[in-house]
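Presented sequentially are two complexes of subunit A, the first with subunit B as partner and the second with subunit C.
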Partner chain A sequence: MSKFQRFLLKRLAISVLLTLVAVSVIFVVLRLLPGSPFEALVTSGNLNQEQIDEIRAMYGLDQSIWKQYINYLGSLLTFQFGYSILRSQPVWEVLEPRLINSLILLVPALVTTAILSSVLGMYAGWNRGSRLEKASIVSTTLLRSTPVFITAIFFIIVFAYNLEIVPALGMRSIRATPDGYLETFVSLDFLHHYLLPFTVAVLYYSGDFLLLARNGVVEKRGSEFLKLHRAKGLTEMEQLARAGRNSMLPILTYFTLRLGMIFQGLILLEVVFSWPGIGRELVLAIQQQDYPLVQAAVFIMALAVIIANLAADVLYAYFDPTVSTNGGGSA
Partner chain B sequence: MTLLNVENLKVTYATDDETVHAVNDVSFSIDEGVNYGLAGESGSGKSTVAEALLGLLPGNGTVERGTIEFNGTDLTSLSEAERRDVLWEDIAYIPQSAMDSLDPVMSTGDQIAQAIHTHRNVTDAKARDRVRELFEIVGLDPDRIDNYPHEFSGGMRQRVTIAMALALEPDLIIADEPTTGLDVIVQDKIIDKILEIQERMDSSLLLITHEIGVIAETCDDLSILYGGKVMEQGSVDNVLVNPTNPYTMGLKNSFPEIDENEDPVAIPGSPPNLNREPTACVFEDRCPFATDECGESHPDLVDLPNRNHRSACHRVKEAAQLRRDADEPETWNIPDDGDADSDRGEVILETDALEKHYEQSQPLLSKLRGEDPDYVKAVDGVSLSVRRSEVLGVAGESGCGKSTLGETMALLEDPTGGDFMFDGEPYEYYRDGNLQEFRRKVQIIFQDPFDSLNPRQTVRKLVGEPLTIHDYRTDEKERAIVETLEKVGLTPAEKFLDQYPHELSGGQRQRVAVAKALVLDPDFLICDEPASMLDVSLKVNLLNLLRGLADAEDIGIVYISHDLASLMQVSDRLAIMYLGRVIEEGDVDRIASQPRHPYTSSLLSAAPEKDPTADRTRVLLEGEPPDPVDLPSGCAFAPRCPKAQGSCWEAEPAIDEIGDETHRAACYFPKGEEGLNASDASAVDETKFPESANTDSVGD
Partner chain C sequence: MSTETKPEAELYKRADALWTTVRDQFAFLRQDPMAFAGMLVVAAFVFLGLFGPYLALHDPIEHTVRGDGGSVLRLTAPSADALFGTTAYGKDVLSQFLAGARPTLIVGLFGGLGTGALGFTVGVVSGYYGGWVDELLMRLTDLTFSLPFMPMALLLLTFMTPNIWLITAIIATFLWKMPARVVRSEVLSVRERTFVRSARASGASNLRTMLYHVAPNVLPIGFLYTAYGVAWAIAAQASLAFLGFGDPTMTSWGRMLRQVFASGNMRVAWWWVLPPAIGIAAITTSVFLIGRAYEEVINPEIQTDQ
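== the complex of A and B ==
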């Protein structure tokens, strides 16, 4: 087994362990929440005790907590999320389209901002002290420190209500009845709805990448190897590219981690824009104490984080020739 | 024909509160195919000159005036793009610190290929072929061109930068301290390589270094720089044999050499403040020959009659007399304490087969299977003893276990085997509850001691701190501090008590660091490369200080270094280490004049000499020391040994294989066995140029 394989195996094992822990935590926390999804139905008097017991049995809620836990583990880990209590629909059928909706908004936004802001950040760092550098730092810091829903509302007021360039809410107009993803996403109407939340997401993420890239380049700027590159006759831009390549690792790692946290980060954004994504769905499900739905949504989010962490480690090891892949054993 | 002509170059740096006049009207010219040396202490402006030539000055550096004519074109008047075409194609650069001059995330081969692609229109395959060829030329394995910098050792990285410099066969190679920080053997190999290649390609070389020994051996012409001014210039044979400038004389006298009986004489004081245009001779405040005239103007560089030799000194006419005086330590205000070889006292520290093995980390699976881990044998059976008033030098290449030995002797590392006695008590005595006592009696001084001084503490605080920690002489703290400061030559001590480290010169700071170690009146001092980053004059100061302490204070000292010349100056006895073992040990004079072990001979022959007329035969060692894991049975040096024979591989020679108490070595076929020392050709060549000859040469 090569060093790298060993490293990979170790990281995988850690990830599996983490997933188990995360899943268990979700289980415990949900059971600790006060009330149950049926209480509302019971207090409204629509169901009698017998019916309740029946339903509880149907959802397996009458079994011992251990039994429930085992069943729960079994089904989650095989991606059988069960039925949504309130929607009477398989959970996955509820979540799948919303997951896609979220991804279609957030992944392109994250990629765009990662590329644009990093390049801008590198350029700013190279021209340290220039007006561009100062302006970019001030504006991104401002954007980063403002809560995303405020930026979002501000954009809605300006571009949707005042200028009326784009619609304020939703993903498609109410009248649209698209069939299948292709029809949903490949349409001008969608693009129209897409622009505003996309822009806000791009701006929201830009600060971290910009600062990370700028700091990386500033730190590399006076280094000896760049002097040698300069002596070799590389142009300014080629030198900047080398400085950039040398500060890529933290950016790459950060990108991967951000990708994992993509759903959590912008739940509020989805809520403000009424974007039918997984974040907004989670908020609704929590309000309605729809256990299976919440469980599944949280599980998917946790899994994304864990997988992203794994990917970040592996990418790091792959891209940094100096990182030791034997798990830091050779101290 | 003149290749490079620098005329009245002036470079300044803008800093927050002042302008640094780093290079002041420097002129020199390099002919085609010539090796040109640029020497001087650090801060004299050598690197600034190089960077100005290459157009690599940092953002705050400006070329104020002057011309740099290369092959007839003035480089200072070129546009960015035009200059880029000249760089590397015509002028290549070997940077100062190979350790971090290579791009860490680009393979070494690609970095060289990049230089080729930037200037030539060639295919990738062609460029790769060229890189392989270059690797071969500089003595690297061509199959390693895809390796990254961190996979190479310091010396090998320097070879990569050399290969890069050769890629386009430039007319001029500028090498800025290409060997500083590398140990003698590697340094010697690198210099040899540069010379060999440069000869083959017939390019010119501008070699920048503070080691005039390296210049003496490799260059034809040189300039001596001080305070951004050229102090003396001309052919190496003239300048270094018969220096006419007091600074050159001082620099030359302070360069320690192995086969020299006199102690080197350091230039006292520190380099000038460059915050204004020089109005007096830049060397005035350190020069023992300064007169009123010297305070009025900096002397012009004047041609000396009939020879390639220029000097900037108002008293150049009296050069011969000055030269004679400069050899006397009194001239430089250094008391000559003579060679009072004080009697050595009783044995204070003794090790017997001392071992320090580190367990190598191993994979979980083999751990589960219970396989025996590998051990790195950093120190492997070292038996040494040090007496009071004695300085024991420990020498060896980097990685040979010197530092681990020092740390184990200081009990900063627990020995994994062997016996250890200090002051009559065994290791166990100290381990079980008496470590505090040991820590007071044994002090260790690390590499670059003044980096470790807290900048926010006054000298009083710094030196007093150990007293508080050890609750030693706390009732008369002030007196203890003052006494110690005076002991290390910081007089009057009261003047220094309230100063902060940044207000002191490099040499003074270093004395404070030594004072910190001495304030507890230790019985034993372990110094690990304390001078490796220092300029010659500071280095010599430190060596003299330690030597004096050993004699006057009755303490035992272990001095660890890769710099044999310094070791020879300071030590009574020498132990040569190779791969965790001592392979030769004995009195300094005997080892210097008659090394027995082949490894010692090559170490000795690798040290440069400052006398350009002396010839030295190089014994270049193949390869680098292997990792001290899984060593072959038999003599550990056998794979690199020029004299190895079949029997060497069978059993390991013990340290007392040959010789007696005063000089012993671990070798089956030692030097000097065949004929006696006269035939010892590969050791240091003894023929020295008669120093007094030609003293009547200048102006009288």
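== the complex of A and C ==
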């Protein structure tokens, strides 16, 4: 087995273990919650004890906690998430469209910002000390450090309430009743609702990419290989292209990590814009104590992060020869 | 460090050194106009956090603003009666804004310090010892990375009554991973330097080597991440409060925004939205701007001559 394969195997084992631990933590936290969603039913007095027991048995809540834990592990690992208590629908049927709504908002935003901000960042880093560099750093710092819901509120006030260019809420107008994904997402009405949250997401993600790209280029500026390129007579832009290419790795890894976090949705962004995504659904489910929905949603989010982490580690080890693959891998 | 001096003289020397450091830092921040502006904002914010509740003319929650006829002034634009206008419940926005700085300051300061201290300790221990200690601690950070902060915090806050210290603790529990990783990788490079090796060779214990030889050399990056921790903690606290999981007994800027949003008055009541929104945006941005100014100096990789 080569060194790289051993590294890969170890990382994989760690990821599996992490998933198990994360899933167990979620289980424990959920069982610590007081009350149950059935309490409202019971106190309403419409059910007798027999019916309550029946419902509890249906959701497996009458079994011992260990039995429940084993069942829970089994069902999560086979992606059988059970029934949502409040929506009386299979959990996956509730989550799937929400997850897609989140991804359709955030993946294009992340890709757009990764490309635009990195290019801008490289250019800013090349012209270190210029007005452009300073302005871009200050504005991205502002956008990155301000909680996203505040940026969103400002944008809503300016563009939706005052200029009235775009609607402030939701994913489509109330009258629209599209059928299927194609009809939902390929329409002018959707685009109209999409613009504002998309823009805010692009701006929110821009900061880290810009700074990473800028630092990478600043770091490369004085290095020997660029002197060689200069001596060869390449233009400034051609030199920048080469410096930029050499600082792509951190950006690529960061992109992978961010992609994993996208499954969490931008909870606050979705809440402010009433975007029917997975983050907003999770907040609603927590407020209504809909356990099966909550645990499935948190599981998907955790799993995505673990997989992305694994991918980023492997990418790094594969592309960067200076990363040791025998130890835990130093920074 | 081994020379014996009188305790008092030593103390004076230390105080003097400390003063010089403070003055140097101040001079350093003066050079960067953005960082300097950030420092002014932070100073104003700390002042508000300490004295804001006493400056407020009215109790932010109990007092109801009434007009001439004794009627409750709901959603009125800024006027002589209420300088920043009133909320939908007839409360004084200015008083809420002044009182709301305190929880933001408490959570930001202690959440940030907790994040920094915890992360720094884990980073130093993990990097210094290496081996299974390192492996264990780093897998622990991986675990906190994979448990998404927001959902977990919301879950925890549903079965524990939110109060400001609990929120601070939750934030620090989830954020320490950031400084831990960075500090660890710094320690890895410091650990192999000659002065550390010679300290160990001359018989210094592990604890002594860590405290006196390794830790001081990674302290700057620890401070930097503590500063970032403050900004993260403020943002996290505001976000939680905005989602309705804040301390219900205290007015905070995040809670003000929640009330505007939930009552559906964002469209009209700009005077109710702007003070808390600008407050939060200004303080988080300022902390980051100061942090960045230091990062330029601390981060060895971007320290090339221009």
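Basically, the second predicted complex is superposed on the first by the 315 of 331 C-alpha atoms of A that agree within 3 Å, B and C clash if a C-alpha of one lies under 4 Å from a C-alpha of the other, contacts with A are read in each partner's own complex, and residues count from 1 in each chain.
Everything that follows uses one rule, which is that a residue touches a chain if its C-beta (ideal position, glycine included) is under 8 Å from a C-beta of that chain, and two chains touch if they have at least 3 such contacts.
Only a predicted model underlies this, so the values are computations on that prediction, with no experimental measurement involved.
**Q** In the superposed arrangement, does A:L195 touch subunit B (first), subunit C (second), both or neither?
**A** Once the two structures are laid over each other on A, A:L195 reaches no partner at all.
**Q** More residues of subunit A in touch with subunit C or with subunit B?
**A** C
**Q** After superposition on the shared chain, which partner residues are touched by A:R6: those of subunit B (first), subunit C (second), both, or neither?
**A** The first partner, subunit B, only.
**Q** Touch check for A:A241: first (subunit B), second (subunit C), both, or neither?
**A** neither
**Q** Under the stated touch criterion, which partner chain does A:F154 make contact with: subunit B (first), subunit C (second), both, or neither?
**A** After superposing on A, A:F154 lies in contact with subunit C but is clear of subunit B.
**Q** Would you sort A:L284 into first (subunit B), second (subunit C), both or neither based on which partner it touches?
**A** So A:L284 meets neither subunit B nor subunit C here.
**Q** Looking at the overlay, what does A:L228 touch: subunit B (first), subunit C (second), both, or neither?
**A** It touches subunit B, and subunit C stays clear.
**Q** Of the residues on subunit A, which ones does subunit B touch that subunit C also touches?
**A** 222, 330-331
**Q** In their shared complex, at which residues does subunit A touch subunit B?
**A** 6, 222-225, 227-236, 238, 242, 245-246, 248, 319-322, 326, 329-331
**Q** Which stretch or stretches of subunit C touch subunit A in the complex?
**A** Against subunit A, the touching part of subunit C is residues 34, 134-135, 138-139, 142-143, 145-148, 150-152, 154-156, 158-159, 181-182, 184-185, 188, 231, 235, 238-239, 242-244, 257, 261, 266-267, 270, 273, 277, 280-281, 284-285, 287-289, 292, 299, 301-302, 304-306.
**Q** Quick one: which bits of subunit A touch subunit C in the complex? Just the residue numbers, please.
**A** Contact set of subunit A toward subunit C: 14, 17-19, 21-22, 25-26, 29-30, 32-34, 128-129, 134, 137-138, 141-142, 144-147, 149-151, 153-154, 156-157, 161, 215, 218-219, 221-222, 261, 264, 267-268, 271-272, 279, 282-283, 286-287, 289, 294, 297-298, 301-302, 305-306, 309, 328, 330-331.
**Q** Quick one: which bits of subunit B touch subunit A in the complex? Just the residue numbers, please.
**A** 54, 56, 58, 80, 84-89, 92-93, 95-97, 100-107, 114-115, 118-119, 148, 150-151, 161, 164, 360-363
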